[in-house]
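Presented below are the structures under discussion, each in the form of structure tokens.
Two complexes are shown next, each including subunit A; its partner changes from subunit B in the first to subunit C in the second.
Moving on to the complex of A and B:
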């Protein structure tokens, strides 16, 4: 589960704790927000699939990982990296890998989840794990079992100093992109007709069908949006940490899923809040308590939350069906 | 720990029969002979595969109590296995306690941990319980990795020096382990089949099929679930002792979330609540990849695809439990 090996040597820590007090706190906060934004983007995929299908899509983390690899390949091996200027290459890479992963997401839904939609939930969970194992090993076969590194030229080495606080270009980029995407998604789901159809499907498939909603199409759409966002997160994180590995799907997927639960699974703003909160808690816990125990800290909070508020922070109480 | 209170609605079955009665005596005898002869006609490599198969059967049986019999989603079962293995390795190393004593001791330690950890979370429903158990698994694995009080040796783990001894014979060779492990498997299977047919076993299945109705019938659902969790954790812990003796070096990487997922799949692939299913399920998850070693690169790829296909075309598992299909007979359950 230590997929991103260079994590501890990440941009903040490499400089050591030079900054003191308040500045250190703000830097940790920004680090937390950066990682949290990535968690939130991935968590959205979990929460939307769960909201509409009541399925924990264990393969989602691996789709996110594939997004990271697609971005890597596009930047390194094709014309995108060498022919286009950087400001154009990055958006093209992100869009292309999001499209690729979205197509994969739809295929996965068609092959592994649709036949099981009417069967019990455990069957679907095992099927999702099968997909996850498949994707992980496929990635290992294609890109090899070693760590792969994003090219250094892909990230402009721009840094800002505000007082004693250092903020990197990637951190700003990740925050901006993810906030834009999240706001867009929120407006899409809340304000458009298709968004209303998604919400209706989440409440009750049969009634939604009676209202003339094509449930299959809505689910397909969910599997375009979720994995697409996941792929964006994958490329961004690849650029941020530089190194990628085929096992990051598990580790980041687990964290993102935790974030989704933290905010209340099935709840879109919940996933955003949960992701950001988890990132901040993790970085502050890692910075001020102990880096080695940081994950224990995260899961402890999750368990305490589930004991005292099982529906998550923003979740509504749903009576269990009898 | 209180055994589940059973209401007047459930009378103990009159035809409590053993393993032999149900799955014809001849088949059992044939399998027993084959199991006895197997290590004499094959290489150490395959005996080792069979040893690990046996260990996973034991683990699968322990998880089957929780996932299969009661329907609780526990995807962090490796945590209890780890507690058992580390209890064994640490106590054996520091205090020199005999492994035969550590076997029940590790079981009790893991069972106790299971009880304490499950108590506050046992009321959570399906998916929430799943994610909490995943969290527990990770917490325990990371704790072991962080070497608390210098006991667990961090990522390097703990070395076991002691071995099982039977009548002056030290259990060291693969073939010895083979017999040891499969004797444990046979004993556990026998005990668990009996348990499955007992009042407790039937109460568990009732909870799995319909929790509300079970509660209405007077079953103390909470106590029954806790009992299952404690027993399952305990059996996994005792298996940890065998694992520690076999592996010699116990380190956190043996107890990852991925291993818990494999265990979970063993139970579901074999057939929920089916004891022979666990044996087949662990063969499918462990032995099959070994046989396919020639295609080493692609085997896990096929394997993932096979899991999906299996769930689509045979969701009830390889050897479904009879209780899924048979209806209550006349007079029973009145």
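Moving on to the complex of A and C:
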């Protein structure tokens, strides 16, 4: 790992202020990409559910939050954290949390959304908000109202310096894991027949049925993938910031939702691009203007988007011929 | 036993009765057409057969098995493919992806899917040229070919076709109906819904005429073509000799379809 420390201080300092500014910029960029990757993973859940059901799943942020808590409990209170070596404990934690949250996702769909499939969209949104409140309160009752902290030993304290730029292990891990997951999801949706069935269902439920596609099954699959990815993001974020709280689903969820809108809701690559872009904008705004205002930037973006470009950056690009 | 049998089927939308006791039998190997004006209940009937709508009363049987309560994807698995009105191709998917989805029920069987595609490209060579293109960029006629080919991909016993002539130029209509005849000769039973009675009666063996949710007339196409009521209402031949001066005029129904 020392090989990464190619230069220490000296040359960078000599290059003076401009080089330091550059380093700050790059660090903020890396920070932005890191949180952006988390936003992107969560945004995928919003965008896929919207794409297939035209529903904003307001409970999605809370499923993500539960992923954080599941990971926390697995690491702190079970044999996973105590008996397994760290390199094994982390993947087990991530996988188990994702599985648990995916099961919850399917249950939420079954209980709160499927009965409303044929009612109007506002009803389903209200139901989603109800689920959100339910999950938040459940988390508060189970894990308590105070902040919980991921154990420090769970994250190897490794930092690399490249020039004057510092990069942490968790940042590299988050970027790698999320890029792998997003690439995998993209290939699945674009290259497989089941992926094509998801896209077809998003276009037209009835015609998808006429192809022999079980639309209920596709929706269930969406509620496995979305919450599963959200849970991975939740564990990663817990490891990154250490602190978790039962309200993070709301704040991060809303940011991920903004990312989904930014990329064009319903559009899978859009959610990926939107997440990364929003993370970078937030961190650059926070770094250069004021850290206290970074949430303001994010939600300013949301409002401006909803007013001026509700289809987002990549939304609805192919014209349909009737 | 008929291959497909509708027995006193009633269908309502809320309080509105759209189909009021329709009975239709389609024998193995036949082309049967349902004729009627807009709103007669033709499309509604087809949607009930493929499971998109649930009849309020009555039975629908496929080879003797009741299917009126089955889910739409199950009915595809049982051997009914429905090519919907207005084509409904998946615009942002490629031609080939559209075809593959038609074969969704045996997607695990790569050989069968490939053979299905080869058959589709043989019947509609223009689709082969455009296999990588997004379906939304095809012309109306090509989209109709794709919709039919996609339905055939399911390898159905019965193919339901809803208004394949809708919005197409006469020459394309001829071409598509030629292929429909060919598909039938390959052994696929077809239930065809059409407003263009002239061409439907040419290709079909038998026909039923629907008016406001009821069957008012049924028989072999050859007989119905001679029936004065059909000639007057659906083939655009008036009782008066003036009819001779409007040779290419199709019925009241098809006059309205060259839009979209």
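To be clear about the criterion, the second predicted complex is superposed on the first by the 293 of 322 C-alpha atoms of A that agree within 3 Å, B and C clash if a C-alpha of one lies under 4 Å from a C-alpha of the other, contacts with A are read in each partner's own complex, and residues count from 1 in each chain.
Please note the rule applied: a residue touches a chain if its C-beta (ideal position, glycine included) is under 8 Å from a C-beta of that chain, and two chains touch if they have at least 3 such contacts.
In this text the structure is predicted, and so the values were computed from the model without any measurement.
In the superposed pair of complexes, A:296 makes contact with subunit B only, with no contact to subunit C. By the touch criterion stated above, A:22 is placed in contact with neither subunit B nor subunit C.
Look at A:203: by the touch rule set out above, it reaches subunit C but stays clear of subunit B.
In the superposed pair of complexes, A:133 makes contact with subunit B only, with no contact to subunit C. When the two complexes are overlaid on their common chain A, residue A:180 makes contact with neither subunit B nor subunit C. Residue contacts after overlaying the shared chain place A:211 against subunit C, while subunit B stays out of touching range.
When the two complexes are overlaid on their common chain A, residue A:123 makes contact with subunit B while staying clear of subunit C.
Counting residues of subunit A touched by each partner, subunit B versus subunit C, the larger count belongs to B.
320, 322 are the residues of subunit A that lie in the contact sets of both subunit B and subunit C, per the superposition on chain A. Every residue of subunit B that touches subunit A in the complex is listed here, in rising order: 73, 120-121, 124-128, 130-132, 134-136, 138-139, 141-143, 145-146, 212, 256-258, 261, 264-265, 268-269, 272, 297-298, 300-301, 303-308, 310-312, 315.
Remark: subunit A residues 193-194, 196-197, 199-200, 203-204, 206-215, 318-322 touch subunit C in the complex. Those residues of subunit A that touch subunit B in the shared complex are 1, 50, 56, 111-112, 115-116, 119-127, 129-138, 141, 250, 254, 257-258, 261, 265, 292-293, 295-296, 299-300, 302-303, 306-307, 310, 320, 322.
Taken together, the subunit C residues at the contact with subunit A in this complex read 50-52, 71-73, 76-77, 81-82, 84, 86, 88, 90-93, 97, 100-102, 104-105, 107, 134, 136-138, 140, 143, 150-151, 154, 260.
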